[in-house]
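Notes to accompany the following structure.
Labels for the chains are A, B, C and D, by order of writing; each one numbers its residues from 1.
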Amino acid sequence: MAVGVLEVKETVRRLSEIIIENEVYFCDLDSVAGDGDFGASIAKGFREVLKEIDDIDTDSISSFIRGCAMIIMEHCGGASGPIWGSAFMAASRSVKGKENLEVSDIAEMFDAGVAGIQKRGGAKQGDKTLLDALIPATEALQKAGEEGKDVKEAFADATKAAQEGAEYTKTIVAAKGRASYLGDRSLNHPDAGAMAIGVIMKELTEG
Amino acid sequence: MAVGVLEVKETVRRLSEIIIENEVYFCDLDSVAGDGDFGASIAKGFREVLKEIDDIDTDSISSFIRGCAMIIMEHCGGASGPIWGSAFMAASRSVKGKENLEVSDIAEMFDAGVAGIQKRGGAKQGDKTLLDALIPATEALQKAGEEGKDVKEAFADATKAAQEGAEYTKTIVAAKGRASYLGDRSLNHPDAGAMAIGVIMKELTEG
Amino acid sequence: MKKIINNLETIVLEMCEGIVKAHPELELIPRYQIVKRKDIDQNKVSLVSGGGSGHEPAHAGFVGEGMLTAAVCGDVFASPSTPQVYNALEEVATDKGILLIIKNYSGDCMNFDAAAEMAEDSDINVECVYVNDDVAVEDSLFTVGRRGVAGTVFVHKIAGAAAEAGADLAEVKRIAQKTIDNTKSIGFALDSCTVPSKGTPTFTLEDDEIEFGVGIHGEPGIERQKITNSDELAKQMLDKVLAELDLGADKDCAIIVNGLGATPLMELYLLNNSITKQLNERDIDVYKTYVGNYMTALDMAGASITVLELDDELKKYLDASANTPGFKQ
Amino acid sequence: MKKIINNLETIVLEMCEGIVKAHPELELIPRYQIVKRKDIDQNKVSLVSGGGSGHEPAHAGFVGEGMLTAAVCGDVFASPSTPQVYNALEEVATDKGILLIIKNYSGDCMNFDAAAEMAEDSDINVECVYVNDDVAVEDSLFTVGRRGVAGTVFVHKIAGAAAEAGADLAEVKRIAQKTIDNTKSIGFALDSCTVPSKGTPTFTLEDDEIEFGVGIHGEPGIERQKITNSDELAKQMLDKVLAELDLGADKDCAIIVNGLGATPLMELYLLNNSITKQLNERDIDVYKTYVGNYMTALDMAGASITVLELDDELKKYLDASANTPGFKQ
């Protein structure tokens, strides 16, 4: 199964729906140690993506993702705008010139997204952010690509890795984001962004 | 039993105690249709009376009551300061020159107090204020005086009249005081000041 | 009850001390809880107001250049006593006399009137005006009349400007009375206040209820009704207030969108948007707008609107500068 | 949740409209929720700040003479987006450049930094400072550092005065940074705020509990503790704040006793009495005191204290006049 621009578009549509469906849940996750707006912040941006999705340039996968990045950057509130916006922007750059994506291309795209987030926010793995779910997911995709698995299998592996990463954030103290103000009190609560990555990967995989 | 300045002083002491004991109850009565501070307002003044009572000039009944009036005026908050203060001031004037009070003198003193309150506040019977208890009590004292009853009997009659007057305030609409802002909504609730007169007369009578 | 306090008995005194510590141009007479300007000009009419505390910045926060000369602070929601008011009059008496600005409540009227009578006995020249801007209360000959609420701030401001400009007592009183005659207000509560000495809320509203026409002491208003949105609240309030004024296409007004204590500025500005939009739709121009906490009711959640019908004279005095803790322009 | 609102989606926009309607010297760019001065002087450095909404009067209420040139309003408690900030920079760019005053939060830093990078690409001269006055948060190399809270108001005031006086960008930045380095704050909550989109309180406190060291978005602080009186609260706060400053017998300070939204002025003045009394007992003089709601957290009940260590230069700029909706002197 080739992943072309139309498949990417459908995936972004589904991704947006998942985020909107989980708005309240993601807010609740953020209230424990953050300021309770994470769900609202990303849902606001992806609601706009859904609204404008049919007007985004689908000449290429890259231009489509770039269009999404612009909307996300403008409409996602809080930290999420630059984090998700720079991830999409970097992802768009990494798939330039590609008409279809293999698992290894998708892995490369995730990896670029991670780098984009790190450049913008300065966080690293273990700082208790969504990177703690996104980096393991990226690594799982890379491994699945090397092992020649198909997209569906690769996503299943990535979901498992993301969920484990999200669980792991319960055991560490936040160093970036609002939760870091809590110090040790951020222990025992997962990071909202990392949990969201787990949920999103799972729902995308299950269709 | 003659009522001299020492008896008046003991009565004021008891009156102060009754008011302080009923502070919360009187506040609650005022919250239904007023602003909930009636108990606190009068208790504050009479607490001060209790504190200073042994320093008040007991040369005559009149000078003693005048001393109380000054303290009440300064320390009772809200409407209660001028109402109770002018009642005591007028009462003091009415007993000038008297060393002992008969029931008829006490009745005259109450009557002067009523007039003092009316001069200051402009309310009349039926406006849903403490006058609706105080005027019937005064009339009962007058009648008891004419019938030659003793102080104890006279106070029992006055208590009954005051309590009936207080009950009656449930059936009328307030025309003076904060409760008057309520219009018809002040119906079915008694006036706090009138209820207080009933309670005070009862406790004074019972010793 | 959760409040920042030390001692129930000394709340008002400690608050007054906190005010003069923050504003060294003011001084406190602790025994009578009078907050006054340090510099009193013998050639100007003095303005005295006050009442129960719990309405901050009213009234101590309006003492200063262009507004009050002194404020007498009663206990929470209780009129100051006659001796308190009398001492304030003695403190600020000038050759030109004193205007007493009284909110129309039985307790305040009785104490301020009695103090004014005492002052006249001491040859102090005192005139009184009674603010009664709350249209939630029906006005009739048989009642004490309407309550004074946030419109009082306009009276302080405009009479204060006239006094500062050197007008004599009769003139300052005329202008104050003209302001009163042209000022109407109404408010609503989303939640009750809690009087410190009582410790529990004065009234209880369900999660979807508001008290429309509430007083600034938690006195009930016109009716308990279902909560609605900002535009609808603005409409209800304006219907009530504008019915009592004569504002048309050629007349300006000034408004105060006043917070009752616990409602944040965000909501007040949002409400101002609804109000100003609707005034404009009704062909009424807003000459000046004040949004903020001017006349509060302790920690009550809610807001009020005050509309003042302006003419050129009132505009002139409204525009004059003022420099007090709670009102600067 | 009871609030004066129309529509969850347009709260901030309607609030901004309410602000410019009340203050006609300001204008709104609705698409980007930018509140700006109408008159921009090409010969002065422009000051831009902003952040999530819900802190009113911060920041739109500090736009005006002597303080900010523009404020960018994000959604409630959410940083404005990169395009929002970038457009503000384009709007107010002057020959002398722009100082961006950023509260130190990940979201704000990322968006404001990204916008500043874009502006430099368009040849706009931008410098950034990051306010981090909240001593409730431990400062360390391994974290994002301390939050910016009410001390931001001093930075607006003092940098604004320097810009108004004609200082160049490097100088305005130096003075802003000096203010930041000398400003420390801490706050406590008596009760949580309710974020409109969520509809329920962010955290829950028992009737006898407070959150000491709380953030202005309801982020938890140092610890949940039993409620205590005003004097004790003042002592706890001063112990924390003064440990980070170098105030002695010969150094003055300025303070802000800041309400978090639902706490009335009466309690703030009472708290100021406790604070000022204790500062004096510690031999520290208070040069200037501000009491009121300057940096709120929606309808949170509670307060914060900000202490700024002054020298002659800072005093001069602090004393300069300012005329904005939320700060006038």
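As a convention for this text, a residue touches a chain if its C-beta (ideal position, glycine included) is under 8 Å from a C-beta of that chain, and two chains touch if they have at least 3 such contacts.
The structure presented is a predicted model; accordingly, all values stated were derived computationally and were not measured.
Asker: Once you find the CA centre of chain A and the CA centre of chain C, what distance in Å lies between them?
Answerer: Chain centroid spacing, chain A to chain C, equals 54 Å.
Asker: When the centre of a chain is set as the mean of its C-alpha atoms, what distance in Å lies between chain C and chain D?
Answerer: Using C-alpha averages as centres, the distance is 29 Å.
Asker: Averaging only over C-alpha atoms, locate the centres of chain A and chain B and give their separation in whole Å.
Answerer: 75
Asker: When the centre of a chain is set as the mean of its C-alpha atoms, what distance in Å lies between chain B and chain C?
Answerer: Centre-to-centre distance between chain B and chain C: 32 Å.
Asker: If each protein chain is taken as a node and each touching pair as an edge, is the resulting graph a line, ring, star, complete or other?
Answerer: line
Asker: Between which chains does touch occur?
Answerer: The set of touching chain pairs is A-D, B-C, C-D.
Asker: In the complex, go through chain B and note every residue touching chain C.
Answerer: Residue positions touching the partner: 27, 31, 33-37, 40-41, 44, 73-83, 85-86, 120-121, 175-178, 180-183, 185.
Asker: Help me check something: in the complex, which residues belonging to chain C touch chain D?
Answerer: 2-7, 11, 14-19, 21-23, 53-54, 56-57, 61, 190-191, 207, 210, 227, 229-231, 233, 257, 261-274, 276-277, 286, 289-291, 293, 296, 298-299, 301, 303, 325-326, 328-329
Asker: With touch defined as at the start, can you tell me which chain D residues reach chain A in the complex?
Answerer: Within the complex, chain D touches chain A at residues 52, 74-79, 81-84, 105-107, 110-111, 114, 134, 136-138, 142-144, 147, 195, 197-198, 202-203, 215, 217-221.
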